[in-house]
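Heads up, the thing below is written out as structure tokens.
By letter and in written order, the chains are A, B, C, D, E and F; residue numbering begins at 1 in each of them.
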Amino acid sequence: MTGGPAVVRHIVRADSALVEELSKAGAATVHEAAWRTGLLAPNLRPIYPGARVAGTAVTVLCPAGDNLMIHLAIELCRPGDVLVVALASECTDGLVGELIATSLRAHGVRGVVVDAGVRDVAELRRMDFPVWSRAVSAQGTTKRAAGWVNVPVVCGGQLVQPGAVVVADDDGVVCVPAELAPEVAKRCRARVEREHAMRERLVGGELSADINDLRAVARELGVEYVDGSGPDD
Amino acid sequence: MTGGPAVVRHIVRADSALVEELSKAGAATVHEAAWRTGLLAPNLRPIYPGARVAGTAVTVLCPAGDNLMIHLAIELCRPGDVLVVALASECTDGLVGELIATSLRAHGVRGVVVDAGVRDVAELRRMDFPVWSRAVSAQGTTKRAAGWVNVPVVCGGQLVQPGAVVVADDDGVVCVPAELAPEVAKRCRARVEREHAMRERLVGGELSADINDLRAVARELGVEYVDGSGPDD
Amino acid sequence: MTGGPAVVRHIVRADSALVEELSKAGAATVHEAAWRTGLLAPNLRPIYPGARVAGTAVTVLCPAGDNLMIHLAIELCRPGDVLVVALASECTDGLVGELIATSLRAHGVRGVVVDAGVRDVAELRRMDFPVWSRAVSAQGTTKRAAGWVNVPVVCGGQLVQPGAVVVADDDGVVCVPAELAPEVAKRCRARVEREHAMRERLVGGELSADINDLRAVARELGVEYVDGSGPDD
Amino acid sequence: MTGGPAVVRHIVRADSALVEELSKAGAATVHEAAWRTGLLAPNLRPIYPGARVAGTAVTVLCPAGDNLMIHLAIELCRPGDVLVVALASECTDGLVGELIATSLRAHGVRGVVVDAGVRDVAELRRMDFPVWSRAVSAQGTTKRAAGWVNVPVVCGGQLVQPGAVVVADDDGVVCVPAELAPEVAKRCRARVEREHAMRERLVGGELSADINDLRAVARELGVEYVDGSGPDD
Amino acid sequence: MTGGPAVVRHIVRADSALVEELSKAGAATVHEAAWRTGLLAPNLRPIYPGARVAGTAVTVLCPAGDNLMIHLAIELCRPGDVLVVALASECTDGLVGELIATSLRAHGVRGVVVDAGVRDVAELRRMDFPVWSRAVSAQGTTKRAAGWVNVPVVCGGQLVQPGAVVVADDDGVVCVPAELAPEVAKRCRARVEREHAMRERLVGGELSADINDLRAVARELGVEYVDGSGPDD
Amino acid sequence: MTGGPAVVRHIVRADSALVEELSKAGAATVHEAAWRTGLLAPNLRPIYPGARVAGTAVTVLCPAGDNLMIHLAIELCRPGDVLVVALASECTDGLVGELIATSLRAHGVRGVVVDAGVRDVAELRRMDFPVWSRAVSAQGTTKRAAGWVNVPVVCGGQLVQPGAVVVADDDGVVCVPAELAPEVAKRCRARVEREHAMRERLVGGELSADINDLRAVARELGVEYVDGSGPDD
């Protein structure tokens, strides 16, 4: 945090090759690979099914009911960015709409994550401009309150650093600090392979209880097997 | 309010030409034009994407868990109406379903806004009968409790007068009192033009921060620009 | 309840012919026929529109943040089952994902109801494997906490017995104890007929207020009819 | 509603004798006497137990995150008023605190109802200045956004007219339009007498089921009495 | 469940000596001793601090907005009972107030747990009649809808059997089926002793990490100890 | 963030004199002085009125339903610390109770902020050990899941750095990074003086609208003054 309200002009962005790699893995796998951290709260939902985006975070912190700082952030965005909008307190107003999306797209921004409301969702769907938000709301906002651009913010209950990798899809939004991205990418690759092997075995009817010896875990925890009243199979 | 439970037979409806005009503007624009008033709470969502309706309000106030008054309201509906159902207290039960929708359609009603639950949503989608509700719920209701028809009600946290204009789409539901509709329609036209001009400029890469001189606003509010640790672009 | 943590191996399942019959009626009708009982809370939503399933319940009770017991339940599932996962306390973590769904499908399970989160929803949609959940969340879980399989559980605020009939569609999830299924099925048939007759009359413009003599009910409750200020029609 | 943002200077207040009478009855009885209308949502809670106030409403409508209009409302308050603050959209920020309360008290205001947050609650308790709010929150607000004073507002899901009677206590907040206050007061007196008589009988062990013949109601609704497995008493 | 709406007259109650024993242990300890089951949802809160009660459950299931079945349940209550009121769907209306409490007390009932609202809380506090509820609300209800008395119900997300032990205090409400009460009571005694010994050691400055060897657990889970940037102590 | 699960042994704590100074100002004033940042979400409430604490943060991040990391954190606490417990995902389980509080007190910890549930609240009140939590819940937890101690965490929607100043009272919890504490303390002093002067004037009947020239602000925003239908005063 910088003390008083501020706009930070230059940020260090995560490597774009890593962004692409994490993008392919998807939010759920990235979250697992990142030691189960970084997942934004599940009330942040995409405005249409199949929305999918990855990029580097430009962060904004707005007071409830005002989107001035979003307008100031646009010129700091670069192609490949995702705008991440945090709120100082709980708010469902429509801080982002079609006009802002149009401007963001003109500057190469791939999508928006906003811990408040979004409006003009039919137009955004037509534009294929993905937004993850906690509400759809036409509620208008003012442009008169101070905030921050490109400082660490809390969005959806998670810390998002400017320049961090953001991966968002139907499963939600996950954020990985730039400095951890290389290791997380490596762990993603390993995880995808393990899951592929596991999937094959499960399709064939094997049980995860056998593969991972989970009945032993249960036994140790005191779980008992009892017969019940049903028929033998 | 009329004192005790009552059904009001004859109401003054907003002008149908104004309804059509506001309908074209859409909920978000109408809300902005109406001095940012009249937007129902964002937890009232359409049951399918792309739902869109406008009409004049026939209002109903039901106690939690009972839809008797909806049944009594149907005969007071006229072609072009939208039924707006308010609840005396918080409720998610399915007060409206396919049978009521069938009857409403037979009397020319264009859609329903209900501050509770709706059921039979697959059938309603097939019928292309739009409903905005706070929940989808099959929970059945009784038909045994007194309420009101065609009095001012509070639905989604907004006052809805009988005969008011209701505009509902993917962005939510907005309500405009009949007597304000002419001015709101005029303001809508102006707004649509302004937004059109703005859109053109934003597509071309101009910044709202420049167009609206927002950096000056920020400066006045004490927002500082700092360089940050990233590279110059 | 069995006392300490336990897995019950053999359960008595509802008759599959009754399952199919209730399936055709749909969740809303089954709930009405079951004396308006058994409907799970409306925050349990399908992960895609049009999802529809019916089957016999295999029940699981997990502590918040752990899905060990789901893994142990899979081998107890039989073709035609629906897995019903209850939580010991409020939780939105993604207890179920594509790997578990793959394994469940390999054992004939038709779908899942989980009073927590689900992940990999794009893959589940592609697999056409329906899940009803209170959240979509990629949040990972541990496999280290004791719970129960095939005991009576509370899911979505309703008691679900192992072997009970589960009917789930766009309107939500309803559960009918095996021993009540025959009577509920009979009542469903009667209800469907009554609704069919009613629908015909409503399409023709008749009013439920006339058909069911609801104005008399209203009068008895003290509802008054007043003229209002609008024009005569 | 007046169209654009406005402050209405002169309002018609309910009769102060009626205010005192309704005050004695308490919120629950007034709500019942008012045909079960006018009760604000139960998430509006007093900041300390035993808080109790009645007065005439001065109404304010603020956009989320801004309390400018509260400051403008103070000079319009008269001794015996209760300030009722509505929000244009969902908000928990602390719009009211000790300084505003100090100023309100200096102008004779008896308490505040605010559909957002309140702060300085320890000081307010010491001042014995009652506030009903949906949150306690120190979150600061701006003083830069237009709104309304003394127009009809929706607070806690209920319409509140300027000058209406507000009765608030541990059970919540109820609002009665000035023109209905005489009849509601009369109905209150009748209700208090009936309840007094009922209380006497219940203390003596009589049953409401007998007094109100509720077993007959149940029978008509198809409720069956069955013996159960317990011992005869 | 009995099929259609019903009142069950005679139930088997848990042993009163066990009730007293569990009462002394308190809700948190009973819940732990009962294998961490039976705790009602934490949104059920006592209406005043220090409320504390234990007894045998008389259960009621009401439709939203109606309390007819509570009135019918009173005559089935016996001294030492606690009334447990479940709702068929989400509801915050004030189903229980001072008059019902007066009648319940006249029949020996010790308190109420209601998965909806309660009113007249100032009077209930004066009567020292404890109620646990999800809301305080003066919202009135009808007495016209069918339900159930003394069947298994779901209250606060937990199954409550008629006759079960209910223990409620500042920590919430826990329910133990009559047949498990003896074993739970035994486990409570053991737990209280263990906790007493543990408390002594913790007061003396010992660490649970040492006593329970939790650093080894952490190590096994891959938790690393790192030095950090602070000074050595 | 450190990558995988970790316990950080040594942290830099804010200066204790600054802690005391901020403590005297209280949460609301500190939040204002800190440019309106750092206020944790208002659903974190004290377990008893009048609770008040300030200290330096020892931070913990637990997965839902598990408190292993709290046990590991205790030995890293120093007199004057406040334990701040964040959760990886939404959870209301009782992660903290009387035994943990006893141990924390034995090591000089002044209080706890936990973004989940707390139990044994009657005992905690007797101990005068203050806790701010989002729920009171006896729900037991496991001690088997990896997490973090003394890394930056998000609690109540705000970033909390290890060693930061935590100020908590009836108005909520506010957190100030150690490096900003000196400036925030200075700004607190100025603010307290300004508020003192303001209070004097308001007690005397002056209006904030006059003192801060707010009618001019309103005029600029287009707020109109209209007469209304009431009598002149």
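Here is the rule we use: a contact is a pair of C-beta atoms (placed from the backbone, for glycine too) under 8 Å apart; a residue touches a chain by one contact, two chains touch by 3 or more.
Since we're looking at a predicted model, the values are computed, not measured.
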item	value
Classification of the subunit B:subunit E interface as same or different, half of numbers criterion	same
Between subunit D and subunit A, distance of the C-alpha-averaged centres to the nearest whole Å	41
Whole-Å gap between the CA centroids of subunit E and subunit F	30
Multi-chain contact residues (two or more partners), subunit B	4-5, 36, 39, 63, 88-90, 92, 137, 139, 144-145
Category of the chain touch graph - line, ring, star, complete, other	other
Contacting chain pairs - touch in the sense defined above	A-B, A-C, A-D, A-F, B-C, B-D, B-E, C-E, C-F, D-E, D-F, E-F
Of all residues in subunit F, those that touch subunit C in their complex	63-66, 88-93, 137, 139, 142, 144-145
List of subunit A residues in touch with subunit C within their complex	27-28, 31-32, 36, 39, 42-43, 45, 49-50, 169-172, 174, 195, 198-199, 202-205, 207-209, 212, 214-215, 217-218, 221-233
For the subunit C and subunit A complex, residues of the former touching the latter	2, 4-13, 48, 68-69, 71-72, 74-75, 78, 92, 94, 97-100, 102-103, 106-107, 117, 119-122, 125, 135-140, 143-147, 150, 162-163
Subunit C contact footprint on subunit E (complex, rising order)	1, 3-5, 35-37, 39, 41, 63, 88-90, 152, 154, 157-159, 177, 180, 183
